[in-house]
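Report on the structure given below.
Should a chain be cited, it is by its letter among A, B, C and D, assigned in written order, with residues numbered from 1 in that chain.
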Amino acid sequence: MARTPKKIRSEMGWSNAASITVRGLDLCSGILGKFNLGDFAFLEITGCKPSASQSLVFNAMLGTLVEHGMTPMVIAARLTYLGAPESLQGAVASGILGMGTTFAGTAEGSARLLQEAIKPDTDPAELPTIAEAIVARHVANRVSIPGIGHPVHKPIDPRTRALFKLAEANGLSGRYVALMKLVASEAERVLNKPGQLPVNATGAIGALSSELDIPWRLCRGLAVIGRTIGIVGHLAEELRNPIGHEIWKRAEEESSEHHRT
Amino acid sequence: MARTPKKIRSEMGWSNAASITVRGLDLCSGILGKFNLGDFAFLEITGCKPSASQSLVFNAMLGTLVEHGMTPMVIAARLTYLGAPESLQGAVASGILGMGTTFAGTAEGSARLLQEAIKPDTDPAELPTIAEAIVARHVANRVSIPGIGHPVHKPIDPRTRALFKLAEANGLSGRYVALMKLVASEAERVLNKPGQLPVNATGAIGALSSELDIPWRLCRGLAVIGRTIGIVGHLAEELRNPIGHEIWKRAEEESSEHHRT
Amino acid sequence: MARTPKKIRSEMGWSNAASITVRGLDLCSGILGKFNLGDFAFLEITGCKPSASQSLVFNAMLGTLVEHGMTPMVIAARLTYLGAPESLQGAVASGILGMGTTFAGTAEGSARLLQEAIKPDTDPAELPTIAEAIVARHVANRVSIPGIGHPVHKPIDPRTRALFKLAEANGLSGRYVALMKLVASEAERVLNKPGQLPVNATGAIGALSSELDIPWRLCRGLAVIGRTIGIVGHLAEELRNPIGHEIWKRAEEESSEHHRT
Amino acid sequence: MARTPKKIRSEMGWSNAASITVRGLDLCSGILGKFNLGDFAFLEITGCKPSASQSLVFNAMLGTLVEHGMTPMVIAARLTYLGAPESLQGAVASGILGMGTTFAGTAEGSARLLQEAIKPDTDPAELPTIAEAIVARHVANRVSIPGIGHPVHKPIDPRTRALFKLAEANGLSGRYVALMKLVASEAERVLNKPGQLPVNATGAIGALSSELDIPWRLCRGLAVIGRTIGIVGHLAEELRNPIGHEIWKRAEEESSEHHRT
């Protein structure tokens, strides 16, 4: 049985000798010098130019996960750079591969939770009941609720406070943000952990992505964009102040010293 | 002989329960909502907040390579997403791994060429002689000059025109840009290829990175940041309109059809 | 509250000027020339030298997924090689990143299914009842059962037949293999799909890994080892007969031709 | 000007419902249970079944780089696994991305050196003169000679001794091995570093790949195959004895402690 071929068609971009077109706009006259980088990312992902409010909030969302110090991801990137300094793209790739379930997965998970719970006609008055059901379901299944809790940032994650404040000031704090907050406070109540389960940065990103109609399957991509910038920043520091070699040698020596004595 | 341990120290970022500090600024009160994404990248890489002029030019530089249609990189990312949709970070990594010598390497190469040729005390009057020497050396060694020529965008690469115009309007067009242009015109003259060897987009990025004091070893990282955004954009389209599967099946069928008949 | 540091210690390998020790064996006198590559992988993963039977079966398991023609993974690797031929490691990495839930994930999933179902004291007579419960649970949850069914290889996956025959001839076909077969036949019966849900290659690998006491979390690694070899094979062909460029240009042209007319 | 399409054709493998064919052999009846994993890699790369001698030497070559203790590559893989344990393929990819110029690049470089120096009609008597010219050229250009020297393994790299002995016993020690040895001794003489510049493991692999007619551009792939196995081995240990977390926390604490006091 023969396969029916399907037409390959893309609306992302195309070019000829004199121009490059991106999502219907001329790159050189319509985007460069006019869109900042976060706005360009919004155009790529949604197909639309962001409003001033959307621009402010979306740039802040992407910026939230850029830098968090000496994470496993940036250490992996520094170690890879040590072996392949001629292939910086490989060091960056090595770093973003650590953006899995532990970190970026929770942005995806919280967005999914919210997008599956709220329908176009969901009345805001129903949100407390929805939050109760979400918490009850996770507690019954003994699984953690994505987007709440942080080992360090408590009782409040300062990134969430900043993002939610910005969203509210820009008219982008709607039902998804409200539900995310309700889930966190309900979880603290049910699990008797006051001040222990704030909405964390990935929960805030999940909620705001939902406000912007970004599908949950893409939320991890927002985290990856931000962290790519942070990894390049760490590689810039590694050039000035190499520490990958030191981390390697210490681990190598300690891990085998019981064989040497 | 024992190794002398070295202190591990980073200035990129650190955090405590209530705050995250990035390059000396408070992330939540000083960056989110105040820095657009390109400005944040500038801070990460250089340690400084960009001026208004630097912000405009740097955001445009990073935006230049975001989108160029159905490149090998975005096809690789779409094919990887097909096999591992739960790991979007892997699909992005798969795509950026194609940012090697063919593409991003020329941004690095042109920046290196310029940064090695111009010293702090180089007089602009010397630039034509320097350009002649650069072209002569590459011609003698039979190697191509990074940053000039493009299979499609000629006699002018429209991205270069846009970037150089923006740089000039913002007071960021100095000796490096001048030298890059001289190298291109000298190469067209010596090789007798008028209109065939314009400064291309990676040459423009290499020149402007040099104007901004960004070391050539990092230029590939700028390309990677931009293209990461483009790859996430293509994955967003792949979710709405999957084409990876079709590309795969066609290649699979055609590549083995001589065995089936 | 200070963290309690933990000792870093590894038993994998260590070296001095005159020797390299791997899992307690001298690499140069005890492994090279004596262990074939699959046996070495067995040593790395389990810490033991395989018996002759284990060697035969384990080499076959690793070989099963090496080559399956023009898969999405090898196309991604070829496209990445196009952009970064100087970094073959990046092309290989790009390819293996597609070994996610769709492919390798099912080896992991079937091994998990079996390892969670069979306890040390499970009587073989209980296996049919266990298989019924597994199928009933998956059907009730409307999720597919890992390790059974294949779009092309039916009513029997020839790789499974070969692997299970080899395992039986070598005394390695025990309760896990038996349960995997029972799950497949029970699923065909319950879902009324005779000849449609054979144990597939990843199901066979999941079952045989379990027979060899390899934890299910590592099964995906076995698939990755095999496919890495296949990807290098395809890159060897790409050097002799480049096709990545053609796949790219066709996709690029077709995807944007509606903009050109 | 329209592009002339090219036929896409591959000889690697293809399949139908009942069989998988690999390089002309039936996978299930002709390879599984008959080829060990190294032999299968030889078939993939060269298209031929190895002779008994080739099998012994090639399996040893691939085994040489499997394990070298706590290298930067395996630490990167362990750190990536920490963030994305559900995507083991990403952790492996993260590790092999460090196989760049520092490590695997020298296998490639030494093979290239030898393959460019020896022509089909090169008389073995000419080899000392060729070695002198190679060393003189590298010394004049102030670049290091790939394949010789090692920070730890000197005056002899034990892996080289084992590989060359095996090759000689199997009739695979020809002009390439002879030239590699001559280059090392000439370099020690010219640079006055007796016992400091032995042929190292990657030099031995480069020489033996050349004896087996494997193009130098693929040698890095042999290193990647071996190291992939080693990385999976380390991830198996990480499951039993996690150390990635400890390496991370120590680096994080130390790198920012100057900010806390």
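Here, a residue touches a chain if its C-beta (ideal position, glycine included) is under 8 Å from a C-beta of that chain, and two chains touch if they have at least 3 such contacts.
Everything numeric here is computed off the predicted structure, so don't read it as measured data.
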Query: If you check the contacts of chain C and chain D, which chains show up for both?
result: A, B
- line: Most remote chain w.r.t. Chain C, using mean C-alpha positions, is B
Task: Could you quickly compare B-C and A-B and let me know which has more C-beta contacts?
output: A-B
Message: Distance between chain A and chain C based on Cα centroids, please, to the nearest Å.
response: 30
Statement: Cα centroid separation, chain B vs chain C, in Å, comes to 37
Separation of chain A from chain B, taking each centre as the mean of its C-alpha atoms, in whole Å: 23
Query: For chain A, what residues touch not just one other chain but two or more?
result: 8-10, 13-14, 16, 69-70, 84-87, 89-90, 93-94, 97-100, 243, 247, 251, 255-256
Query: chain C touches which residues of chain A in the complex?
result: 7-10, 13-14, 16, 21, 84, 86-87, 89-90, 93, 97, 251, 254-256, 258-260
Query: How about chain A: which of its residues touch chain D in the complex?
result: 69-73, 75-76, 79-80, 82-87, 90-91, 93-94, 97-103, 243-244, 247-248, 251-252, 255-256
Field: Of all residues in chain C, those that touch chain D in their complex
entry: 3, 5-6, 8-20, 22-23, 27-29, 31-33, 35-41, 44-46, 55-56, 59-60, 62-64, 66-70, 74, 85, 87-90, 92-94, 96-100, 104, 108, 152-154, 156, 158-159, 161-163, 166, 215, 217-218, 220-222, 224-226, 228-230, 232-237, 239, 241, 243, 246-247, 249-250, 253
